[in-house]
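Look at the two complexes coming up: chain A is in both, with chain B in one and chain C in the other.
Showing the complex of A and B:
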């Protein structure tokens, strides 16, 4: 079974809020000084899900990322976890695209690979939190899709997936080829060990540009985007906290309850 | 500008869900002389159309196969409703249904979806869709040049619609094939009140130190009233296995907007606040006076929860 993992490099979502800044002129996040970009958390989990299937059933795992040269680091991380091959979709024409143009490029790369049985994505990229690309790749390829998986298992006929619902779980089954998006409920991804990191560093990552995928520059990136970002901004925090004084927790608790009652909150 | 709006409704106990009525309320405000219609799928859909306040027309199918959401089956029906209603705007709840249907519907119609919107506004030109991004650190406003514009919208983003139900119903076809088969489902055992519906949410975080801390959270909720208060958790606490995922508050958990949110031993990461910053009053109990949560709280107690929470429970009991 050949599984493709789609992996995105993003600004570290655990950057302290005080270090999170936006350039209003370009509507872009200003990278926080000294904080390196990371592999989007859910994509690491998607890789873990793919690797466990490879270990159980054999086959191979290819990791694809669309991004800048720096995204090599995200690809290498998944290679170090145990993926076999890496592809970087890199082209100035891909810049400033939307979920749709990203999915279009990823789907074209998956078609070019040719023998892919399944695509594993994260439930959402932890920068824009959109949660679309996996579904759009499935639509581009015409494959069935199951989203927000907490369990993925290869069966004789396809994939069996446990999905997270609002008030519980659901088990679904679908034939291959198919797309899955994986959620944090799946569990933590493995940490690669030093020898694996060193071996991954030596692996070559195949670069593909729009032309390699047969994509017209006008159909990808900003030119092909359908979702137009007008403004990215930091919302104002209105709250000014009132710290409840008191010599003992009992006094503090009594003062807090009195305030909540006076406000008619309780 | 006049907009023809289709709301993709969801049924709950045979009636349009609370979010469906909110989306219809939002649609009433945005239609500006255009039409508002709703699609309803599953057992009782035709009868529920009469309760879909704000919609002039309802596209319905009573086929019980729609009762369990399967993307491919719903897509075909909703796509037909979009075409027949001539909608240039489609609103869907940010739910299990919306998360899957939004992007797929947009793909099939050659357009785009804005996901998880907290506001949809008419600023004169194209509609503006605003949604949180970067884990809740930022808000992003989009326009969609292609038609129809598809948006999934968070619960409680609009006031529910008023007025009578849909006067006219149009039949949609029954469910077709689905390559994805649903083998079974399992409900998380939640005792009574859901956190999204509770007037008060008491949430515990990693700072509780052990799963037993949640017994204290439950005792605190009980002291407020089991009919009013429910217990939530941060993702750190859920990932540690201290509390079920169904109770997680935040970006990848539930979004709650209660009258009172009590955050106990939670640091207030943006991804957590993305699920509760709409609460009317936030109370934070944390031993670190510099914790981010105090930037969102109206009232704070700096101290060890192990001392503060039992004292709070005693005080609340006195109110009864």
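Showing the complex of A and C:
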């Protein structure tokens, strides 16, 4: 079985709050000095799910990322975990896209690969947390999709997925080819073995631009985006402290209740 | 270990072990015997035993054959190991170790009772072997010297060391059979009984042989000769009251002679089959003992070209590591001091060594055979996995790398490098690692520090300190704060205190701020040598680029890594821990502790500052100079100090077992009645912060942990810079 894992490189979610800054003029996150971007944690889990199926049933795993040159590191990380090949979709035309244009480019790459049986994505990217790309890739490819999986198993006829619902779990079976988004309930990604880290370091990542995918520059990136970002900002947290007057605890309590009633809190 | 590097040399009692007293006694004996009338007292060698001479030579040849057989058998097992780099470096130091640690048995004496017992047995065997050898030379060579005054003196010291040997045997019997459950019985085997009872019988029968001869040839004829053999003489006097006939005595003499000689050779034969082989292996292992710092783990050279990382198969140990398995005498000293074992966690260094030894004996011959036939490593020969089946994963992870086992081992086994070698295999070849430790390693790879989820930055600690100089190569010292010093909330006051004190001392220094990255110590100790090498190389380059010469560290782990391990990467810097710097500044008067702190304190030696790097005095000097600090030592202190539980990457692991190590140590600290436990290590401080409330749940009157810099800050400045924050 040939599984594609879609992996995104994101700003480190563990960036200390004081170091996280936004450029209000361009509506963009300013990369924090000295803090390297990381692989989105859900995508690492999706890779783990794909690798377990590869180990059980054979086949190969290809990791695709759309992003800047630095996203090579995210691809190498999945290669070190045991993926076979890596593809980086890199083109200035892809910049400032939305979930839709990202999914369109990923789907085009998956079609170009040709023999793909399944696509595994993280349930959402840990930076924007939108959870759209997996669904939209399925839409572009016209494949069935199961989202927020906590268990993924290959059967003779397709995949058996255990999904996380708001009030429990459900198990579904789906034919191939299919798209699955994997949730953190699945478990932790593996720690790479050193021989694999060194093998991954030697592998070359295939770079594909929009033209390689047969995509018109006008249909991807900012030009093709349907979502307009209005304003990006860090919510201001403020707190006002008012001391309740009163000589005794009883008086203070009474004053507090009166205040809360006046504020319509009670 | 490194005990001697920073402590005034203490006079060693019993130094020279057996030969010291022996030389003294010889002088006395010569003097005494020279004053005697020279009527040539002597005795007939092989008296009453005409066949004795051939019997002794038959026994002797058999023994030599056995010893050769044993050596060949053992060496074929060691030889499956890898080469041991540098084992012939520093030969003079190695010879000194062989004499001091091997023959004079410095480590054996760390347990007083065992030291006396072992000295008695050891010296008795050496002297009685010399006695026997003299008899052989006198009988079988042209030399003829066992007569006259020397013969009398010879009789005297032969008996003296026979009695000393019996005292040793008595002490051993008491310890084995009558003392409460003793560490020597944690892995008791049949051979232990044979060795000690056998030796007792050899010594006793020797006295009976001598007594029987004296009764026939001397008691009436030469009582003044007989008195010199005071042990046998006393026994002969006692036996004399039964009024035996001479022919009875002669038969008894012959019977006990044969018993004595066959027992003695039989006992010596045990060397080949039992832990008595330590007679040879312990001094040899002392020669093989590393001569560099115990804080340094071996570097895997050309790590990217290795086939297997670390040790996952017995033949991947060095031959020295296999050799030392044979030196183990199962005394249990390592296990007795192991923090994991003390806390009921799944690690006993003694059993680990014994399990490795048994595994080597089981699969070693087949591996050697396979090697011989095919020339390949034979990693598939063993039917059981070294790690997983023989040594369990959780055993390896329970190790704190605190070095207490290595410190106490009387036969100089180095357990810690052996354990880390197996961790290296688990982490790098198998990627089998506890989840929390994995998270720490991943964090070091991704973020350059092990503190996952910290909200602090490397510059947060600078707030409220005014201008903090950044190191630019023009200052004398780099003050290295470290990840724990900057990214863990509790340690910020310590970092601030050290900063203020170094500044107050007038020293020229700077810090790296955002440019600090983890030096790699936790990665190396957790077994990820690859990650360690990457981090170490990066940092050595940074230091060189910035022209760093001298480093003051906050943390004993950074201290040890910079000092002992960075030279492996061509990083040679002068490294001092803040306790050393501050003690020095107080001695020169650059820092003055003027405000009384009025505190009863106890001091916890961190393993990597104390036992492993020998810095015991500097912190105690500070405590002495701080007015109002009243020190009560814990029972386990200095080189016998107990780990806080965080070493060896256990800061980032869930503990398994009956108790937590930090609870045990906190209990010991609280037991001193102190209201502050003072340490020098950010990990120790955190372990006490967790451990003390667990042992003493009420907040009222609870002991509090502080770094020595925090205590000194109060005394120098009157108040800590963070006093306001802490009290809120």
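We take it that the second predicted complex is superposed on the first by the 238 of 266 C-alpha atoms of A that agree within 3 Å, B and C clash if a C-alpha of one lies under 4 Å from a C-alpha of the other, contacts with A are read in each partner's own complex, and residues count from 1 in each chain.
The rule is short, and it goes like this: contacts are C-beta pairs under 8 Å (C-beta built on N, C-alpha and C of every residue); 3 or more make two chains touch, one makes a residue touch a chain.
Note that the structure is a prediction, hence the values are computed from the model and not measured.
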Touching partner for A:212 - first (chain B), second (chain C), both, neither: neither
Partner chain in contact with A:153 - chain B first, chain C second, else both or neither: neither
Touching partner for A:117 - first (chain B), second (chain C), both, neither: neither
Touching partner for A:17 - first (chain B), second (chain C), both, neither: both
Which superposed partner A:38 touches (first chain B, second chain C, both, neither): second
Which superposed partner A:192 touches (first chain B, second chain C, both, neither): second
Per-residue touch tally on chain A - higher for chain B or for chain C: B
First (chain B), second (chain C), both or neither touched by A:96: neither
Touching partner for A:226 - first (chain B), second (chain C), both, neither: first
Common interface residues of chain A - those touching chain B in one complex and chain C in the other: 14, 17
Chain C-facing residues of chain A, complex: 12, 14, 16-19, 33-36, 38, 188, 190-195, 197-198
In the complex, chain C residues that touch chain A: 304, 309, 427-431, 433, 435, 438, 441-442, 446-447, 452-457, 460, 514-515, 530
Interfacial residue positions of chain A with respect to chain B in the complex: 11, 13-14, 17, 20, 22, 29, 98-100, 123-124, 126-132, 135-136, 138-140, 144-148, 160, 164-175, 183-185, 225-235, 237, 239, 241-244, 248-250, 252-254, 256-257, 259-261, 263, 265-266
Parts of chain B lying in touch with chain A, wherever the complex brings them together: 71-72, 95-96, 99-100, 102-104, 106-108, 111-116, 128, 132-135, 137-146, 179-188, 190, 194, 200, 224, 235, 239, 245-246, 251-252, 254, 259-260, 269-271, 280-284, 289, 292, 294-303, 307-308, 310-312, 314-316, 318-319
